[in-house]
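Next come two complexes built around chain A: one with chain B, the other with chain C.
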Partner chain A sequence: MTDNLFQIQLLMESGGMVLWLILIASVLMWTLIIERYVYMFFRHPKEKREVINHWNQRHDRRSWYAQQIRQGMIAENRIRLERYLMLIKTLTMALPMLGLLGTVNGMIQTFDVMTVFGTGNTRGMAGGISIALITTMGGLLTALSGLYFSTQLQQQVTRTVDNVADALRRD
Partner chain B sequence: MRLLLGLLLAILVNFGLFTLMQRMTTSDGLEDRTIEDVLLLDFVRVQEEEAPPETKRRQPPKKPKPPEEPPPPPPAQTPSPEQPDVPQPQLQAPNIDVPMNIAGGPHLGEFQADPVPEPVPTTSQPIMDDDVMPLVRIPPNYPRMAQRRGIEGVVTVSFIITKDGRVRDPQVISATPKNVFDDEALKAVLKWRFKAKQVDGQPVERRATQEIEFTLDR
Partner chain C sequence: MIRSIALFLSLFSPVLLAQTPSNLDELLEQVKKDRVVEQQQNELRLQNFIAERDQQAQLLEQAKAELAAQERRGEQLNGEFEANEELLAEQESLLQERSGSLGELFGTVRQIANDSRGALETSVTSLQYPERNAFLQALSERRQQPTIDELQQLWLTLQQEMTESGKVETFTTPVITATGEVEDRAVTRVGVFTFFADGKYLRYLPETQDLVELARQPVPRLQDLATQFEQAEPNTWQPTVVDPTRGAIMALLVQTPNLKERIQQGGWIGYIIIALGVIGLLIALLRFVILFVTERGVRRQQKRADKPSAKNPLGRILSVYDQEQDDDVETLSLKLDEAILRETPALERGLTTLAILAAVAPMLGLLGTVSGMIETFQAITLFGTGDPKLMSGGISQALVTTELGLAVAIPILLIHSALSSKSNRLIQILDEESAAIVARNAEQHNNRD
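So, the complex of A and B:
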């Protein structure tokens, strides 16, 4: 475990600044994803039951007002479900871009080395290239890991909202 | 609360992700791959061994067998003809060994210093040096008629080498067969040039004989 941490620290050093950015973005994205799943599986069923109970306690469920109230309840539910979803999507899209940013950064460093030392300093050039490649890999890997869960969350949210709407019967 | 829990789990997830990344960047996998490569290389090498490029070694041509030496000729049994008791002039004959470069022509025999008549006894003994040096030797034309009939022969010509190396007064001493090759031999001899003989720094005329062989190429 500690050995692994040490290795990762080495990786972060060879990745440069942008890899830290990627790490932060990835942690944020995964925090939100896990929060969403936790909400969906543990918190949302309770809320759903409360909403249905609240609806069922109403006597008037067919009038225009009742319909409006129902729409409002569903919308509130949807808003609560769709919280952070946009942010997760944005992060999954932004992570490869961050990787590209790291690539450009690394290439700039490589060319800096080349302008100062010429092509003879392969070690310096290798440092820049390793930044470029490692950040690209980090961005792609984290984005790919988040991509499935972000789309899956989107699907599940729409399905759950539909379920809630179906549960609020109009008769 | 949920966010905190998510943060913890997210850190775990990212730990896993970055461990994966680190695994991808380290060369541990590369070593395995190189081992595989070595095996592949081995396989290829084995194939190469199965079909080695055929190299044809050039066989050097065999040396021809040395020609068998002809048996030594039997010693001539002919009795030496009775020599008339004539006083022979005692002269040294210069021997010319001249390479003949022109092929296909009639063979020119060896030079032979002509026996010069005994000099006047009052003069001192003439110094004969051996170098009759031919400068130009033009092979004679083979007479048409003799060529057609396949006649071969030898003509011995005697001539005088002048002071400037030319040939003067050629005469046929002996010819076999007679009168066939004489004209051509004389004509050819007249075109020859020699290095004039020097006696005490002065060019001197001298006499020489030449045997000209007429042989046909077969």
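So, the complex of A and C:
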């Protein structure tokens, strides 16, 4: 166990500061994705039922007022469902950019070594290149893993909002 | 000498003795007399010549005898020389045979002394045992055979270094601090690999035999390890850091530029990107405060829908209904839309600027990349590709501006997304819920009537 932790620590150190940023960003992204799914499958159905009950209890479901109130209900639902979606999407966009940032950072270190030692010190150059490659890999990997879920969540939200709208019948 | 004077006298005496004759008879007498004298003199000269010839012949004989004697001696000496030569070769081969391994030993000793001088001078143990370097130098420059004592001392020195390189020791020695002062510090050395004092890693300069505190220390985790190692009780186990390159990796640390030097490498494009980033952050901060206050007002207004306040956008929209209660539904709807349209621009203000900044920063980074590459290729035009150090100045500008562009764009992108989702939410509330709230209020109003 401690050996594994040490390996992770080594990986993080060889990836430099940018890898930490990627780690933080991807952890944040995954927390938000999981939170969204939990909300959508466990909390939202209850809210939906409440809204439908509330609507069905109304006598008037036809007038302009009623239409406005229905729109408002749907909008409230959509706002709650769409929460964090934009942030998740932005994070999937920002992660490859962070990877690129790490790549550039690693290349800078490589060229620093070249400035001082010329091309002779391959060992020193390899440190920078490992940062460049590890961060690119980390950025792409986390972004790709998040990309599917962010699109899927978006579709799910649209569908759920449509469902809510369908459930609120206008006589 | 005497003989030649006699000859001279005999030749010239008739002339000197001759008296001027007074008549012809006397002259005849005189001539006759002179002839006798001359005959006598010729006789004498002939005898002299013969005697001298005999003498010369004798001398020649003598010289010939001597030459023969010398030739005999020369032959004898030649023989002797050859014999000696043979003996010498014999003796030399004997010497070589007998001292064969010893000669090799001498070469080996000199070589080892030279090699270990190089190794030991760069080793930090030289601080504790400075005298051995002089000994090794003297040994490596010796032209004579080393003595047994010296051989033993060489062996002891090598053995000592081996033993010391396996030890962890603390000793007090002058250290040049990062500020350039010389202080006596308790230095802990781990073998000959790593040395630290007060949790700071040191570097050994063999040229001046000084310990220098590294101007840039490794990551904090490694510094903590050094501190813990120094404070550990003796004879306990403690993790530590070993630099197997004997300080070469630690020396690399000093070369890496810090943040300020990095930014300077970016040049003026780098400064523009940073300025844009600061402007973006200021706008973001301002918008965040405004949106936060607005959102709080709107939420409060949602809860107390019957009392519209003019301090928040939702309240201002709701107040439209209060003013126009008597109008018909269509007019109310139009008025509501108008009120909503009035409120939305204030919520979206600044977001476009942020989006543009997030897009422009990487492009400026690209600009810096290109200008850095131009610099690099100019250097190549002037100096060729032979010196990578000349090329890397432009390359680091290229990379640093790219990095700065990304480093500015990513946070602004995230902030923009957070702010725009906040403002979208608010606009949705105003757009769709305000009508609903108005409708609810109207229904309650009508029910009460």
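Criterion: the second predicted complex is superposed on the first by the 169 of 171 C-alpha atoms of A that agree within 3 Å, B and C clash if a C-alpha of one lies under 4 Å from a C-alpha of the other, contacts with A are read in each partner's own complex, and residues count from 1 in each chain.
Just so we're on the same page, a contact is a pair of C-beta atoms (placed from the backbone, for glycine too) under 8 Å apart; a residue touches a chain by one contact, two chains touch by 3 or more.
None of the values given here were measured: they were computed from a predicted structure.
When the two complexes are superposed, the chain touching more residues of chain A, out of chain B and chain C, is C. Contact with chain B, but none with chain C, is seen for A:Thr142 once the two complexes are overlaid on the shared chain. Once chain A of one complex is fitted onto chain A of the other, the partner contacts of A:Val27 are limited to chain B, with no touch recorded for chain C.
By the document's definition of touching, of the two partners only chain C reaches A:Gln71; chain B does not.
The touching residues of chain B, when paired with chain A in their complex, are 2-3, 5-7, 9-11, 13-15, 17-22, 24-26.
Across the interface of their complex, chain B is touched by residues 4, 7-8, 10-12, 14, 23, 26-35, 38-39, 43, 134, 137-138, 141-142, 145 of chain A. Only residues 13, 60, 64-76, 78-79, 82-87, 89-91, 93-94, 97-98, 100-101, 104-105, 107-109, 111-116, 118-119, 124 of chain A touch chain C when the two sit together in their complex.
Residues of chain C touching chain A in their complex: 219, 252, 255-257, 262, 329, 333, 362, 387-389, 392-393, 395-396, 399-400, 402-403, 406-407, 409-410, 413-414, 416-418, 420-421, 424-425, 428-429, 431-433, 435-440, 442-443.
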